[in-house]
Structure formats: structure tokens, C-alpha cells
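Next, two complexes with chain A in common: one pairs it with chain B, the other with chain C.
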Partner chain A sequence: MLMPSFIRDRREALVAEVARKRVLVVDDASLVRLYYRDALERAGYMVDEALNGLEALEKLLLQPADLLIVDVNMPQMDGFTFLKVLRRQELPLAGTPALVTSTECGPQDILAARRAGANFYLVKPLTQDILVEYAALLCGAAA
Partner chain B sequence: MNEFVEQFLLEARELVEQATDDLLALEEKPGDSERLDSAFRAFHTLKGAAGIVDFAAMTRAMHAAEDVLSAIRTGANPVTPRLIGDCLTCLDQVIQWLDAMQVSGGELPPDAEAGADAILRRFGEESRVGGPVALLALPQQAPVSWVEAMLDGHPEAAAEASTAIRYSPDPGCFFRGEDPLGLIAQLPGIVALDLLPVAPWPELDALDPFACHLVLMVLISGSAEQAATLLHQVLDQVEIRPLRVATGGVEGDPGLSAAARKLLEAQLLLLAEDVAEGAAGRLASAGKVAANVLRHGGKMAEAERLERHLSHSQTAGDPRILATAIEAALNGRLLAGAPDDVGPAPRLPEETAARALRVDVERVDALVTLTGELTIAKNAISHMAGLAQDGMDPKALAALLKQHHVQLDRLVDELQQSVLRIRVLPLNHVFRRFPRLVRDMAASLGRPARLVTEGEATEADKAIVEALFEPLLHVLRNAISHGIETASERAALGKPPVATVHLRATRDGEHVIIEVADDGRGIDLERIREVAMERGVAQAETLAAMTEAEVMDLIFAPGFSTATAVTGLSGRGVGMDAVRMAVDRLGGRVGIESRPGEGTLVRFTLPLTLMMTAVMTVEAGGQLFGIPLDAVVQTVSVPHDRILPVGASHAFVLRDRTIPLLELAEVLGQGRTMTPAAEAKVVVAAVRGGLGGLEVDRLGERMNVMLRPLDGLLTSLWGVAGTTLLGDGRVLIVLDLEEIFR
Partner chain C sequence: MPLIRRTPDGVQPDRPDAGEALATLTHGTRQKRWAAARALSDAPDAAEALGRALSSEDDPHVREAILTSLLRLRSAASIQAILPHLRSDNASLRTGALDALRAMPDVAGPHLPELLRDADPDVRLLACDLARSLRVADATHLLYGLLEVEREANICAAALDVLAEIGGPEALPVLARCAERFHDHPFLAFSIKVVTERLSAQTPRHRG
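The block that comes next holds the complex of A and B.
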């Protein structure tokens, strides 16, 4: 189809904008949020932040996300409680993919995260490369 | 039938085929661990599939087969023909169940339990022969409280542990010389051990101090197989749980990165968690993540497929459906299954196999191009209508129309060809059934033979591929029951003891050639002559005048059969004449070549597509009929006084040959029409190796038609080969002269 190039470019930019995946980082540590945001934004994601589970739920009800990256130990509402509450919501919200990142590395922690409804578990600290690699897989972003 | 059952029937059939192939290959090469793994997986997946449709009897049977195969995997059992045979029997039973379910619309077969019992008995004998091994009894990730208690109690060991074992020794074990602790101590890589009192603890009065009241729970880094082998003497007192998700082992999908695999496996674990709270959300998220992982790897089709499984899983409220799909994705088999858009449930099992067609994109493109050209041609007609309205000279208009007709004719012709090309199937559809059948025939006849198939990918029209089974089966049967010598005879002749039968397909221009070649004793021409005379197929003087090839061809004559012994397999009362008839019906030819002592080759030459049939129309009893043109030798006018009564029927003489004459209207029960004309119009046709005359009221035109076979209740209608639609919308009945002159 013939189309003036300026329209085509604008259209592509719009399409790219719409196709960008939204990630909600739920963590009370600002350094962690910054670290994650930096990696994800450079990889082309739109990043939103929440300081705890409660705030995350509020944000999700207003705007859905393609991926949640959730810490465990947080004030007001911890990560596991947040996930349990989230999974009880209506679809499609309840089915939002969730990655738990935590400093705890025991099998019982991984089991607990799974029982809460986490899709995957990464042990902190983790490199930005690994974070981006798993985020892309969990979101289904193009390789 | 609900969609799970439909999906189950389709996938189970494919799995049975897969397992059959694997088992036969395994019998050939007992050390082929890939085939063994593949067969094991097929049984395993069958078991899982049966679980989804709640088919408990099949689950039991598959489980038993799985046990036997896993015993082979651990090396506890050798691969024996008997064992392969038992597994094949088990698959036969599955097919019977599937057929029954297909016909009943998805009802589980009522006698399934008995069938499963029979299979279990069969395998029971096997495992006695082979010794231990019945393990992996439960779904691999079923959450079990004692396993979790064990893992929770030993968090430091949980990461290393790959198998959990609970051993409840028989109370009297000490008196049998068993040493539970000593046995456990031998397990490879113990990372945690718990000794617990039995629950409930016996009353003090009743407590036997010499009995064993302990339960031993162990976490090991070794595999479940190792544990089962070591504990085989007390297997009835032991529970063994593998802790890691099995992902198909060696043969995973190479298109998945390590991270992708980890994520998919994590979704399996998530699905296996039995937490009621938020189950729908967990299921949806697991499905979404799995689909995203596939999408990220560029596997768009698989991702879509997986999402369909997710929605099945959601409607059924059963996470196992999604889990099975994720497992399939891990093994790179998600797309290898049946096509998705399966139509309404077919009533007959055999219809399913070839219902869905896989079509080459190029062929579809060709169709699209042709459709475009046709549209242009269509527009030209309205243009011409305009010309006619404007008062164009009729002659010029006629010329224009004629020219246009030629063009349309070409397009329609091409379109027909293209559509027919879409109907092609690989011959594998029919070939793959034979290795198994040949194996069984060879075994029951005591003539060791193996079948080598070649060119399975060769394609032919769906109708041809589907109709080839019977004639090929007959030829193969003949090859094994008559063509091949016994092992001792072969040894004496210096031939390899196991005979080889080749089943080959090749493409030759517009034809498909299928050959069945054996390395047996060949056909004795003298014997054919003798039999032909004995059975009255040919007279001595005729035989004397025949070439060797003509004599050989007598094998296909009706009433001829060289069988000297009627066997359970080949004495079915039909001979090679049935084969020739079947191939004829497909528009093909069949020929035979043989060298005494070296073997026999039967060759089918078949058309690539079921082309248009050329017919000639005739009128009889006021109705129009079609006669296949390839049977018509000539049309003649015969004066009525030259038609001679012969008994109850009539005949006439054409070039010194007496030809039987039937009046078509009478034959078709429309009453004898009084033909006022002095001459009878007769179509002379070649049928059943001779000539026959058919008297009609009027001869019509020749045309090419696409013959549709009769279906439904009309299938058995006498004398009709099929129907086609005429240009004016009338149905033309095309006659089957073979039947009319029978």
C-alpha cells in the first residue's frame, strides 16, 4: 500500500508504542526499583512502580500490566499476600504473569511463592541481563 | 461428543501410531534408546490423555505398559519379541476402545475394565519373567503430604534431592532376614533420612517388641529408577516419588532456550500445586506465561495452540489439560498433534484418518491466482451482454462468445486440476499400517520376513490412497504366504533366512507407481498353466499360443489362485482378480513380473489424481445416462432382423464375433420401449475381458465430467458408477457396465 513516508513513520511509532509491554515493579527498596526500571526501559518496556502489594493492587485495577515483578518482604502487604489476593480477582487481571524476586533462596521459599501463585522465582541479587531475559520470556516480547 | 473426547480420540490415535512405529523399530534394534524413550513417552502421554477423559481402565492399561517399558529402560528387562507383541496387543486394545468411543459418540466402552484386566495379566507375566520394577506409579508431580513434610523438614537438603522414598517395612521383616536400614543405606546419594514411628502406635499391651514399627523416609540425589532397582525386593512396601519434573529427557525441543525451559517447567509445577484459592488466576497466568515463552521464541503457532489448550483447560476447570500441552511444548511436540479445526464428530472411525488435509501453500496460491483470472473472465461476460444489448452483429458476438468460452474452458480446466491437486495425500497414510501387519502375518505363517517401505512421501489422490489398503494388503499377504520360502528352505538355497519384502512408491510423471517386491521363490509358469487348465481359466491350445507374460497375467484372471494350501490369512476366497478389479476401479493398471528363485514383483500404476471421466451420454426409456467412454469400443446401428434370440436373451454378430445384447431401458427396469426405428442403436463396450452390446434409444454427446461416487444409502445401488451434474442442472447417472453385464 502506498503511503507518504511521514505518515508511515508516525504509524509505526504508534504501533510500537501500543505494542510496548507494561511492567509493574512492586518493591519497597527504591534502589531495586531504579535498577529494574533502568534495565527494563532500556529494553523497551514501559515501567510502573508500586511500593507494596496494596499499592500494586490499586494501580493494577486502574491499568493492567503485562508482567509483575514482585518482592516478598514489603510493608503493608507482602508479596505472597499480594499474589494470593491477585489470583482471586477476576480474569484477566487474576492471570497476570508474576515474577517473584527475593533474597531468600531456600526451596521452601520457592515452594511458598509457587503456592501463592508466582509464575517464576529469581533470587536476588540478579543482573540486569537476566532480568531482561526473563521479562521478555514472561511477556512474550519479540526476541 | 465433547471437545476433549474429540481431541482425545485424535491425539490418542496418533500416539498409538507413534508407539507402534517405535516398538517395531525397537524390535529391529533392541538397543535403540531413542525409540525406547519415544515409545515410553507415547504410552505415558496416552495415560495422561486417558486421565483427562476419565478413562480409568485405559489409564491402568497404559500404566502397565509404561512399567514394562521403564523396566527395559532401567535394563531390568530385555527387549523380547514377546514383550513387543504384548505392547502391540495393548495398543490394539486402545484402538478398539477408540473405535468404540467414536461410534458411540464418546461413551467409554462398557467392557473396558475386562480388556484392561486382560492386558494387566499379560504384562503381569512379563514382569515376573523380568523381575522387579513397578514404579513411577503416580502422576509425576502429584503433591504428596509426606514428601512435602520431608522437604520442609530438611530445607538444606531439598535443593539436592531428586527422589523421595518412603519405606514402611513389613512388621515381620526381621524374621525374613530383611534389614531395612541396611537396604536404605545402600541408596545412592542420601541427603536426608527420617526414622518415624508407625502411626497409629500400637497399644503397649499389643506391642510386639520383635516387630518393626518404623517408617523410613529418605531424600536422595539419585534417580527414582536407581532407587527402584535397589529396593526391588521390597517394592510393595516402598513409595518412590521423583521430585523433578520430567521433561522428556534427552529429546526436548531444541528451539527452546534454557531459560524458556525453566519457565515452562515452573508453570508445570505451578499447575501441579493443589491450592483451591485463586485457581483460575493461577491457571490463566501459567497459560499466559507458557504462551508468552513460546511467542518470545518465535513459535507463534505453538503459542496459539497452547492458548487454545488453556481455554479448554479453563472451561473444564482441569489444569491437567494445560499441563499436558506445556509438556508437549517442552518436547517440541505441540504442533505435531492433530490439526485443531476438527469438524463435527464423524461416525465411522476410518473416516477420521484422512479428514483433515495438509495443503501446500503453493497449491493454495495457484488457486488464488486462478480465482482472480476467473473473476476477470466473469466480468467479460457482462461486457458482452452490453454489446448484445447495443445491437452488435450476432455473428460477431457469437465469435466473441466462442473465443471467450475457450478461455473460460481453459480456466475451469486448470481450476479443476488445482483442486484435485489439493486432495493429494502422502502414501504414508496407507503404508504405515503395513509393517505391523506384515510382522503378524510373517509370525503366524512361520515365514520370517521384514517389510521395507520406500517412498512413503509420494503423494496421490486421497481417494486413491484410501482405496489402496485392501489390494496392497492382499498382494503382501500373497507375497508372504506363497512367495516366500520357509527359513530352512531359504537357508538351503543360500538366501538370507529373513526374507525382505519391499513396498515402494515412486512418482512417474502423471502416474504413481507402487511396487511390492519379494525375494522369494518366484512364480512357476508351468504351475500357472496347470492350474489355469485345472480350473478352466484357459484351454490347452490357448495356453500354448500365449507368451510368458500373458501366462503370468492369468494370475489376475477371475477364478484363478495358486494357493496350494488355504491358510488363515490368505484363504479368503478372493484372488488376484480382486486386486486387479480394485486397481482398475482407481483408473490404474496392475502387472506382475517374476523370476523363478529370485522373487516376484507386483506393480500398480495409478493415476496421480482422479481425473475427469470422459463419458458418452445415451438416452433410454426417456432418460439420459452416461457411459464411461473408456469402455466404449464403438457405436453401431444394427438392423432389428440381425438381432438373434439366444435363449432368454439376445445377441448380434459384429465382424464375426457374437456379441451379447442388452436393452438398457429393460435392464434398468424401465420397460421395453418399442423402438419404431428399423435399426437398433447399439453401444459396443469392452467389459470383463469381452465385448457387450447395449441397445439405447438415442446416442448423445461426449463430455468430461467429474464423477461423484454414490454415497449413503445409494452406495449399493446396482449398475451405477456415480453421478455428475449436467450444465442444465440435471443429474446424469453414469452406468457401471461391469455390473450391468455381470
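The block that comes next holds the complex of A and C.
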């Protein structure tokens, strides 16, 4: 079945808008990284990956990102420690928007994320549509 | 050249004896608490005190020193001192405890079955990550067993992530049953498809 032209035009416009946006996915779970990459690349983003906060900091110092998608429980450096360290860096690096995605769903977890410097918090598991919607929102692209 | 770990303040304090270290572990300055934690790395009876100190310690450098000492003690007592911290609300402490357990698979391994059956779903989820590091022969079968009964999608996802690395073709029927139970979870459906494809492509020669 052919896609109606107005939907195709809208999708193409959105892909063009995010085409140069780079997202760094920070998560130790390979399947999560693959799932996020699949959704984000189909939406037009460039995607890079880091396995923990330490690796993410190293990558960001070499190449900035437009959005961070950050897990909480990771080896070597957890997501909250990573965000706290990041927010102490100089601008514009310190201001990189961060979406925290975690299995932890208590109010204390959301508060801890906010205190660490998260811009938004979503509880796993996510659908790919929700992920892309919040990525667009935090990147400043039209959702 | 040996790696010389610096104190949080960059000054190497005198090494206290075990008695003095136990006294300052929770009450001294940040630097003294750090030195005390380090000094107890060769005091087997100090595991319990180190575990208690972890509960109240706010400084990440001191916490790291405590976990390192528990790691060096590498005993059943040090495992008992670390395990409760998997339940911590503090992400840094929780992941530090998990990292320490991962680093001593020989003594942490026997606790895997009970951790995978824990009433707290957060502990079961972390236990899946522990299985990744242990790579004991039983780890895959424990994860297969978990996938048959686990009701939390996130825990199944964590088990799948590990099985993608250490599982074998014998997991395929388990994955199929898991897919049926979680047919309405897009992430699990995606993950099961990926892992199924990987494990289906395996031959016994490919397994490490």
C-alpha cells in the first residue's frame, strides 16, 4: 500500500530536520543499545554508543552530542554520576540534553535523576515511538 | 611501574594499624576514613565493619576504598558485607557493589541462584548482570529457568542480554515460550528476535 503523500512529506521533513543531530546512547545492555539505534537511525539521527558513564565522557570530549540517552545502573560509572560530572564541565558540553531511561521507577529515582541533571526520565521498557518522540522534543526538533 | 593510588586530597597519610583503622573508619576525616578503609584490606575480621561503613559513607572515594578492601579480602564475609548494598537506593553504591561482586566470581557465584529468586525485582535484575560476569556453567541454565517464570519484562530483557553472549541453541525453545508470554512488549519481542537469530546461527564450534 502506498503511503499518503502528506505523511511521506511530514516524515521526510522530520528526517531532514534531525539529519545532523547526533545522539549518544549510554547503556551497558547491548540489546537496549540496538533497539534504540534501530529506532533513532530510522528517524534520521546519527547514533553513537557508550557502555558506561566513563566511556561516554571520553566520547563526548572527542565529539559532542545533541542528545544523551542514559541508563542508570552501569558498571564503572553509573548514569547519575556521569550526569553530575558532565554538568560540571564547561558549556556547551555541560548543557547537552539528557534523557534518562531506567528500570527504576520509584519517586526517589526520578528525584535523583533530576538532581543529577537529567532533563527527562522515562521508565523502561520503552516503545520506539516514545523514544523517538522524546528524542525530537529534547533535540529541539518538531515531534 | 606500580600504580600508586592517591588519596582524595592528594596526600599519602600514615597507614594506621587495624585497631586504629576500625576506630576511624566511620568517624574520622574524609582522608582518615579513606586511609582506614585501605588499611583494613588485609584484616579478614574487618569485613563486617567495612560493610557497615559502606551504609553510612557518602564520599565516593572512601566508598571505593572500602569496596576495594572488601574485594581484596575476597572471602565469604566480604560477600555478605557487599550483598545488602545491591538493594541501596544510591545508584553509585548499587553499581559499586555489583562491580565488586563481578570481580570475585569464585566467591560470588554460589549466591547467584538465591539472587535470581530474590523477592525484590531490582535485585533479580542486577543478578542477571552478575551472571554475565560469572560465566559459570550453571549461569545459562539459571537464566533459562528465570525466563520460564519471570513476570517482569525488564528482568527478562536483562537475562536475554546476557544470553545473547553466553547462551546456546538449547535456549531457542525457552525464547519461543518467552516470546509467547510477552507478545505485547515491543522491546522484548525485538530482543528475543535478535537473540534467536544469533543463537540459531551458532554451531557448537562457535561457542567459547
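Definition applied: the second predicted complex is superposed on the first by the 122 of 143 C-alpha atoms of A that agree within 3 Å, B and C clash if a C-alpha of one lies under 4 Å from a C-alpha of the other, contacts with A are read in each partner's own complex, and residues count from 1 in each chain.
Definition applied: a contact is a pair of C-beta atoms (placed from the backbone, for glycine too) under 8 Å apart; a residue touches a chain by one contact, two chains touch by 3 or more.
From a predicted model like this one, the values you see are computed outputs, not experimental measurements.
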Partners on chain A (chain B, chain C) - clash or fit: fit
Touching partner for A:Q108 - first (chain B), second (chain C), both, neither: both
Chain B versus chain C as contact partner of A:E41, first or second or both or neither: neither
Chain B versus chain C as contact partner of A:A136, first or second or both or neither: first
Contacts of A:T127 with chain B and chain C, given as first, second, both or neither: second
Partner chain in contact with A:E58 - chain B first, chain C second, else both or neither: neither
Partner chain(s) touched by A:P92 [first = chain B, second = chain C, both, neither]: first
Nearest-approach distance, in Å, of chain C Cα atoms to those of chain B in the combined model: 10
Common interface residues of chain A - those touching chain B in one complex and chain C in the other: 106, 108
Touch list for chain B against partner chain A, complex: 148, 151-152, 155, 158-159, 257, 259-260, 262-263, 266-267, 269-270, 273, 275, 277-289, 291-298, 303
Residues of chain A that touch chain B when the two form their complex: 84, 86-89, 91-98, 106-108, 111, 114-115, 117-121, 133-134, 136-143
Of chain C, residues touching chain A in the complex: 60, 89, 91-92, 94-95, 98-99, 102, 122, 125-126, 129, 153-154, 157-158, 160-161, 164-165, 185-188, 190-191, 194-195
Chain C-facing residues of chain A, complex: 28-32, 34-35, 38, 72-76, 78-81, 103-104, 106, 108-109, 112, 124-128
